[in-house]
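Working notes, structure below.
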Amino acid sequence: MKTEPVLEIKDLDVSYHTLTDTVVALKGVSLAVGKNEALGIIGESGCGKSTLFYAIMDYLPVTASRSGQILFKGDDLAQKTPKEMTKYRGSKIAMVYQNPYSSLNPSLTIGFQLEEVSMFHHGMSRKDARQAAVETLSDLHLGDAAGIVRRYPHQISGGMQQRICIAMALLCKPDLMILDEPTTALDVTTEAVILDIIQELKDKYNMSLIYISHDIGVVNKVSDRIAVMYRSEVVEFGNQRTIYKKPEHPYTRALINCMPRAGVLKENTQLNTIPGYVSRRSAAEIGCPFVARCEKKNATCEEKYGMVERKPGHFAACDRAYATDIPDKVLAKEKGAIPEGSEPEHKTILKIDNLYRYYGPHGKRIRALDGVDLTLDRNSVLGVVGESGCGKSTMGHTVSGLMRPTRGKIIFDGTDISVSWRKRSPETLRDIQLIFQNPGRSLNPSFTIENIIGRPMLKLLGIKSKQERRKRIVDILKKVDLGEEYLYRRPKQLSGGEMQRAAVARAFSIAPNLLVCDEPTSALDASVQASVLNLLVDLQKDSGAAYIFISHDLNVINYLSDYIMVMYLGRICEYGMKTEVAGSPRHPYTEALLSAVPDVDPSLKRGEIRLQGAPPNPTKKIKGCPFAGRCHRKVGSVCDTTPPPRVNFSDTHFAYCHISPEVLNAEISVKGIEGIEAAADEEVI
Amino acid sequence: MNTYLLQLKRSPRAIAGLTILLLWIIAALIGPSLLPYTYTGMDMNNQMVGPGEAGHLLGTDALGRDVFSRIIYGSRSILTIALLTSLLSSIAGIIIGFTAGYFGGIVDTIFLRIMDILMAIPPLVLAMVVLGILGNSTIVGLTIIVSITYTPATARVARGALLTCKSSEYVDAARIRGESHLYIMFVEILPNTIGPVIVEITARFAYSIMMIASLGFLGVGLQPPTPDWGMMVIENKSLIRAAPWTVLYPSLAIASLVIAISLFSDFVSKVMINED
Amino acid sequence: MKKSIMLCAVFLLAATMVFAGGAQETEEKMTIRVAEQVPNLITPGVWDGQAFSLNGSIYDYLIEMDAHTGELVPSLATEWSSPEGKVWTIKLRKGVKFHDGSDFTSADVKYTLERTQDPDLGHLKAQDFENLDKIETPDDHTVVITLKEAAPTFNFIFTDYNMAILSSDYDYASKGESAPMGTGPFKLEKLVPKESALLVKNSEYWAEGLPKAEELRIYFVPDIDSSVSLLEAGQVDIVPQISPIIKKRLESMDGFKVVSPYQESRFIALADDREPFSDNRVRLAFKYTMDPEILAKACQGTLGETIFYNETPIVNALAQYKEIPFRGRDIDKAKELLAEAGYPDGLKVDFFYASDHPYGSDIAQTLKELSAPAGIELNLKGFPRDIYLSQHWMNGPALLTGWGVRVDPSMLLMLAYHSEGPWNESHIDNPRVDELIDKIRGEVDPEVRQTYYDELQQIFHEEGTVINLQVPYLVGVSDAVSDYRQPLTMLPQLEYTTIK
Amino acid sequence: MDFLKRFAKRLGFTLLTILAMSILIFFLVEIMPGDVAQTVLGQSATEESVAALRDRMGLDDPLHQRYLRWAGGFIRGDLGESLYMRGVQINTIFWRKVGHSVVLAFTALLFYVPLSILFGVFAGVKEGKAPDAIISFIGLATMALPEFVSGIILITVFAVGLEILPIASIIPIGENLWQNLDILVLPALSITFVMFGYVSRMQRSSMVSVMKADYIRAAILKGMPRKYVIFRHALKNALLPTITIIGMNMGWLFGGLIVVETLFGFPGLGSLTMSAIKTRDIPLIEACVLFITFIFVFATFITDMLYAFLNPRIRYKRGDV
C-alpha cells in the first residue's frame, strides 16, 4: 500500500443473536483503504457486505454483537461511544445509499436537508450553509441549483435525487465516503454519469472510497482495488486488474464466469453456474465457507485455510482457482465464429405491426407504445432492451394478453390475437406463456409447487387424472433440476433461483410456442441468473419455442438473444441481428447505451458517450425523434420536427435516424460490445 | 401451526388475554347449570345485600336476584351475540369488499360512496335509532342490527386486503390462464388474505362487545329478564351509592372481557401481519 | 416541540382544578327550587300529568281539595249546589284577574268546559263532559250547568288536574306549550322547553298573603339520579316522583325527608275478550299465583304501609273501599283451575308494559317469577312508555298500566270498566257491572250508593279482570322546606310552601 | 394548483354525502312503525282528531314533498316545529344543546389529543423498552372500556368517593355552561379514556414505522444527534397519519357522547337525541341525527384537507426540473 491507510479493519467479527440461534454476519474481516484510494467490495446477496458498513458506522441493531478493530486514521472506532460517533458520522465518514428516493425526508425541502449538515458539523449560519449547498450541487453538474434547493424530494427525478445524496455526503468534506450500491436502482445511462461524477469527485476532494456492489462491472469502473466477499468472509483482496485476469480463489473465478460479458454468447459458451445455494452461517462452522459448493476442493481445505499474500498486494484464502488436478467441470464450447450465412430458417410465428398502447385519461395520455412493428421466427430469441419507461414491459404484456392494445395488430401463428386474454381461444392461451420479473410474487404463496405447476395442465391441457399430472410435473421439475421433494413445498420455502425455475417449469409444462420473459433474472444474483439463463437456452433447444426476452441489462441480452430490438420512449430505435446491433451499432442511442454498459473485464475500454438530462415527459406528443433532446450526434432542427425515417443497413438490420446511412456506415467504430482490446497487458502491480 | 404456539408462549399478554377469554367462554357454556341460584330467582328477604353476605358471592340487586349468576348468565348472551355479529359482519364484509375491490371501476366507486355514507352515521347512533323504535329485541334482532352497522367497516378491510393481492403477478398469471373471476377471487386470492381477515374478525369481536354493552346501557338491549350486562348497569345506576356492587361488577365484567379479547386480537394481528 | 406539548398538558390539568370549585349561588329572595321529570305536553286538556308543580302554580281550579282533611274547598268557585244533581249553579269569586290582566268571568268557565268537547283537541276529559246539556252564564259571576242525566258527584270533576280554568281570549292552541297563562299564585317569567322554567309571585293573587315564596324555579331533569344528586348538593329543594330505594337513602341522611301525599295504582289488566284470560278460571288461577308480600318487596315497600294490594279498581284511600281479605297464594289450586280450563300443562301469554315507567319492569319481572311455578309463562314485552301507550295499550292479552288517582271513583269506573268505557283496557263486558256503574252515577243517597260499590267490589274479587297494586307517590324534600302540600288531586299547592 | 382542485372535489363530494345522508335518515325515520299523530294525541284521541292532526302536519302528503319541505327548512336553519311539544320550535332547544355538546366534545379533544400524541410518540421512540410496553398496555386497556364503564369508575372515585366533582352535569337555571365548567370534567374524562387508547396506539405504530424509515437512518448516519432527528425529521412525518385518524374517529366520539351524556344527564345533543327517540319526536330525531352526521362528515373533510395541506407530496405537484 502506497500511503498510510485512512481506514483499517482488523479481524472484524459480527453476529446476530435471534431467540433461537446466532447467525454469523462477518467473520475475521481485515481490510484497509489508503488515502485517495477506492476499494470495491463485491459479493452476492447475503455475503455480509451491508453489515460491514453498518459495523463501521456502529449502526448495528441491538441484537448484534461486534468485536475487532476499526482504525480510522489511527483511533479505533470500535471503542467509541454513540455520542463520540456523531463526530465521525457525516463529517469524517459519509454515506450514500441504494435507493435515493427513500433516503431523503419527504416532508422537508432539499435545501434544508443539505444545509443542516454544514450548519451542524461546521457551525455555519443558514445563509452560508445554503451557499455551500448550491456550490456543491453545481459540482455535480445540476443545472438550476438554486431552484432545486427550494423543491421537495418527490419533485425531482431518480438520477437527480442520487446526486443530491452525494452532495449531502460531500458537504462535510469527509475523508472516507462509503457507497452502498448507489446506482443499482438507476438506469444504465444515468448510472454511467453518476459513476463518472464519483470518480471525478474522488480525485477533486482526494477522498478515499469504499464502493459496495453485487455487480463487478460497476465496481471495476470506480475502484482501484477489489475485495471479494462470500458468506461473511473476505475470500480474495487485490488489484482490480489481477482479480479479473488471474483470480486466486475458485469462488472469484466461478463468479466471473457466471456473468454474461463481452464476447460470451450462448452460441460459444455455457455460463458457469455454482451448484447448491448460499446457506446461513452458524457460529460453529470452520474452514473455507465455499467448500460445500467448490468444484476444486480437496483435503487441505479445512486446515490450511486462511488469508495469505499469494502475490505482492494480492491476498486470497485459497489458490486453487486454476488447479489442474481436478478438471474444470464447465468447459467453454469450442469458440467457433458464428457461421456467417446460417441464419435460423425463416418461419415467422409472431407478427406485430403498428402497435399502440396508451394509458390514462384523454388529457394526460401516457404513450407507452407509440407504433411498434416486428416479426419473430420460431425457435429464436428476440432481445428487447431499453431504459425504464421505454415501453418494453408494456409490449410484453400486450403480446401475452394481459392488456388489450389501443391500436394495431398482433398476428400469432396466423390468428389475430390483438385482444385481451378474455377473448382469446384456449389454444392461444396455451401457446403463449409469461414469466415475471419478481419470482416471489409470481407463485401463489399459499399453494404447493405441485398444484402451482399442475393447475395450467388441468386448465389448458385438460389432463384430468392426478397421477398423469404428477408424472409430468416430476419430469418437468427434473428438467429445471429441482428434485421430486419440491412437489410438496410452498414458495416461501424456496430460494429466489428455485422459485424462478419453478415458474419456468410452470410455463413449459404446457409446451408453449412463445414465451414472453419480462426481466426474469434482474432480481437474481449472478450465479443464480446464470442457471436460469442456461435453463432457458436448453429448453428452447428441445421445445423450439420462440422467446421475447425483455431486459435492461445489455450483457444478458447480448448473451441470449438472436435478434436485438432497442426501444426508446415507446418506439424502436434500432433492430437487427445480435452481431449487427451489439457488434456494430448505428443508432446514436444504441451507441450511448453500449458505452454506458459496465463490463466485467476492467481492461475493456469503451467510448465515453454520456447522455445528459432525462427522457422527455411521456404525456407530451413528440413530433420529431424522441431522442432528439439528448442526442450527442443531433443533425439539426430536423430531428425535432420530422419523425426519423427507417434506414436499412442489411435486410435484417435497420434503425430510425436522420443521419444519412453513409455517414453511419462510415463511422463504424469499434464501439461495439467487444470494446477496444486493452493495448497491452499492463504489468500487474 | 406450531409457530403460532411458539410465539404465543413468548407473549405473556396474549396468554393472559386468552385465559380470561377462555374462562368467560367456559362460564358461558357450563356456568349457568352449576350456579346455586337461577338468574331470575328473587330472594326477597335479601334485597341489596353486599358481596359475600347471605351466600351471594357478589351480593344481590334491588329485586334480590343474585348478581353473580346474572353476570354468568349474561356472559352467555353477550358472547353469542358478539360471536355471531363478528362472523356475520365479516362474511358479509368479505363478499361485498371482494366483489367491489376485484371488479373495480364503477362497481368499486359506487361501493366506496355507499360505504362512506353508511360510515358517516356513527354505528351506535344508527343501531340506537332502529332499536329505540322497535323496543327491546331478542338476541337475533340485536345480532342482525349490530352486524349491519359493522359491515361497512369489515368490507373496507376486506377490500384493502384484496387490492394488495390483486396487484401481484400470480393473479396476472391466473388471468392469462383464462381462470374464471370466481376462481381467482376465492381460490387464488382468499387464502392469502386470511391474515388481515382474521385480524379483522377478532378486532370486530371486541368492538361488538362494547357496542352491545353500550346499547344495553342506553336501554335498547335485550328484553328483560334476560340479563344483559349493559342493562344491568343502567337498571342499578340509581343504586350507585346504596349498592355500588350492583353496578361495579357488571362494569368490571364488561371491561375484563373486552380487554381480554383486545389483548388476544392484538397478538393475532402481530402474528398474522408480519407472517405474510 | 415536545416541550410545548408538555406545557399544554400541565395547563389543562391546572384549568380543571380551578373550575372544580363551581360558582355558588347567592340570592336573597325566597325561592322554591323543584327538579321535575321532563314533561311532554303541558297544555291543559292534553297534558299527560308530568311536571305537576309547573301547572299547579300557574293555573287555578273551580274547586280544590284540602291537603290535610281531603274535603273540597272553594277556590275560583265560592259555592256550588245542585238539588238533584241535574242542574248545577256555581257562584264565582269576584275580583280575580288572569296574569295578562284580563278579568276572570263566567265566560272563561264556559269556554273551559266547552273546550273539552273540541274535536281536534283530543281533550282527556272529553268523555266525562259528554253528559253536558247546556251551560248558561246569567251574570259575570254565575254559571248554570244543565246535565243530560243527573250526576250527584259531578262537582268532583272540577278538581281534576286537566280542568284548569283558562282565559277565553288567550290562544292556548299555539301558546299553551311555550307560554302558559292562568290565574294561579305564580306567573311564568321564562320557560326554556325541556330544560327549565322560572315563575315569579303573582302579586294580585286573589288569596291574601299567598303565595309565600317570591320565586319558583323548576328544572326539567331527564334522569332521577341527577335530580337527587342536585337535592343532596343543595341546588334544589323538592324532587317529586323518587323511587323507594332513593327514599331509603334519603331518610338515612339528615337534612332530608320524604313525603308520600297519595298512592298511584298499577292495574294489571287481564283481557276478557281473548284467549286465555277470557276464561275466568284462568284469571282466578293467575290470581292464585299472586303474592302481595313479594310484590311489595319488589317495589321496595312493605305491604300494608306503603304498598297495598287488592283485586278491585277501588283505591283503599277512598271512603268507598271495601276490605276483602286476600285469597292466599295456592299453586296447586291454580294448576287445578288451569287443568279445568283446558291448559293441563300450562300456557304462554304475552305481557305488555312500559319499561321506562316507575316500577314497571320490576313488577313485570316479579309477576313472571311468581306465575312460573303454576305453568303460566309470561313473555315480557317492554316498550318505551310512548310506544307502549300508542301501539300496545288496549290491545294485549295482559297489560300493566299506571293510573292516576280519581277523587270520585265513579269517574274511573265509567271510563275503564263500563263495557262502552273509552279506556276499557281489559275489555270487560259484564252486564251486572254496567248496571251497577250506572246506578252509582245516578244515586244521590250516599248509603245506597255504597251498597252498589260493595257488590261491585265483590264481583271484581270473584271474576274481575284487574289486579290493583297501589304504589306510593314519593316526594323528596329538604329540611329547609316547610308546609309542602299535595292533595289527592295530585296538584302541589306551592303557594303555602316556605323556605328557611 | 392541484390542491385547490382536490379541495373543490372533496367539498363537492362531502356535500353529496350529506345530501344522501339526509335522504337516508328521512326515510329511515319515516318507515318506523307506529302512527305519529296517534302517539302525539295519546290513546284517547278520537279517529277524526287524529286525522285532523295528520292533515295539519301534512303527514299524508307524498313522501318526496315532505322531504323537500323538511330539507329546505333544515338548510335555512329552521328545524321545523317539534311534533311533540306543539308550538315549540325545535330551534329554541336544539342549538343550545348543540352548543353544550360541542363544548364537551372540544374539551374531550383538548384532553385526549395532546395526551395521546405525547404518549404515542414517547412509546414509539422507546419501542420495545419498558415505557413502550406500559403505554401500549394502558392504551389497550383504556381502549377496551366502553364510555359508561369508565364513566362509572370515574363517578365512584371522584364524585362518590372524593366528592370533588359533581355526579350529574346540571346547569342551574339562569346560569350558562361557562359558569359551571366543572360539569364538563367527568364526561370529558370518560370519553378521553377510549379515544386516548385508540389514538395513542395509532400514533405509536406510525412513529415506529417512521423511525425505521431509510431517511431517518440517513439522518442519523449524517451525524445528527438522535433527539434532533426525532423532532426535526421523524415527528413531522409521524404526525401526518394521526390527523386523519382523529378525523375518522369523530364518529366514535359522537357515539361516546351519547352514552356519556345519558350517564351524566349532561344537557347536550346526545341526551336530546335519546329523549327524541324515546318520545318518537320525528322532526327532532331527524334534526339530531342529521346534525351528528353533518359534524362527522365535516370533521372528516377538514382533516382530509389538513392532511393534504401539511403533506408536501400531495400539496406540490410532481414538477420535473
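The letters A, B, C and D name the chains in turn, as written, and every chain counts its residues from 1.
One rule holds for everything that comes next: a residue touches a chain if its C-beta (ideal position, glycine included) is under 8 Å from a C-beta of that chain, and two chains touch if they have at least 3 such contacts.
Nothing here was measured: the structure is a model prediction, and the numbers come from that model.
Peer 1: Determine the set of chains touching chain B that also touch chain D.
Peer 2: Joint contacts, listed by label: A, C.
Peer 1: Tell me which of C-D and A-B has more C-beta pairs in contact.
Peer 2: Result of the comparison of C-D and A-B: C-D.
Peer 1: Could you tell me the distance, in whole angstrom, between the mean C-alpha positions of chain C and chain D?
Peer 2: 40
Peer 1: Take the average of all CA coordinates in chain A, do the same for chain D, and state the distance between these two points in whole angstrom.
Peer 2: 53
Peer 1: So what's the Cα centroid distance for chain A and chain C, whole Å?
Peer 2: Inter-chain centre distance comes to 91 Å.
Peer 1: Mind pulling the residue numbers of chain B that touch at least two other chains?
Peer 2: 132-133, 237, 240-241
Peer 1: Using the touch definition from the top, which residues of chain A touch two or more other chains?
Peer 2: None at all.
Peer 1: For chain C, jot down the residues that touch at least 2 other chains.
Peer 2: Residue numbers touching two or more other chains: 225, 356, 384, 387.
Peer 1: Can you name every pair of chains that touch?
Peer 2: Touching chain pairs, listed by label, are A-B, A-D, B-C, B-D, C-D.
Peer 1: If you look only at chain D, which of its residues touch chain B in the complex?
Peer 2: Within the complex, chain D contacts chain B at residues 16-18, 20-21, 24-25, 28-29, 32-34, 137, 140-141, 143-149, 152-153, 155-156, 160, 167, 251-252, 254-255, 258-259, 262-263, 273-274, 277-278, 280, 285, 289, 292-293, 296-297.
Peer 1: Could you please specify the touching residues of chain C with respect to chain D in the complex?
Peer 2: Touch list, chain C to chain D: 1-2, 5-6, 8-9, 12, 16, 19-23, 25, 38, 40-43, 46, 48, 119-122, 124, 126-127, 173-178, 192-196, 198, 217, 219, 221-223, 225-226, 229-230, 233, 235, 356, 384-387, 389-391, 393-394, 422-423.
Peer 1: Enumerate the contact residues on chain D facing chain A in the complex.
Peer 2: 213-215, 217-226, 232-233, 236-237, 240, 310-313, 316-321
Peer 1: How about chain B: which of its residues touch chain D in the complex?
Peer 2: It is residues 13, 113, 116-117, 119-125, 128-130, 132-134, 206, 210, 213-214, 217-218, 230, 233-234, 237, 240-241, 244, 247-248, 251-252, 254-255, 258-259, 261-263, 266 of chain B that touch chain D.
Peer 1: Going by the contact rule at the top, pick out the chain B residues touching chain A in the complex.
Peer 2: Counting only chain B, the residues touching chain A are 10, 168-170, 172-179, 188, 191-192, 194, 276.
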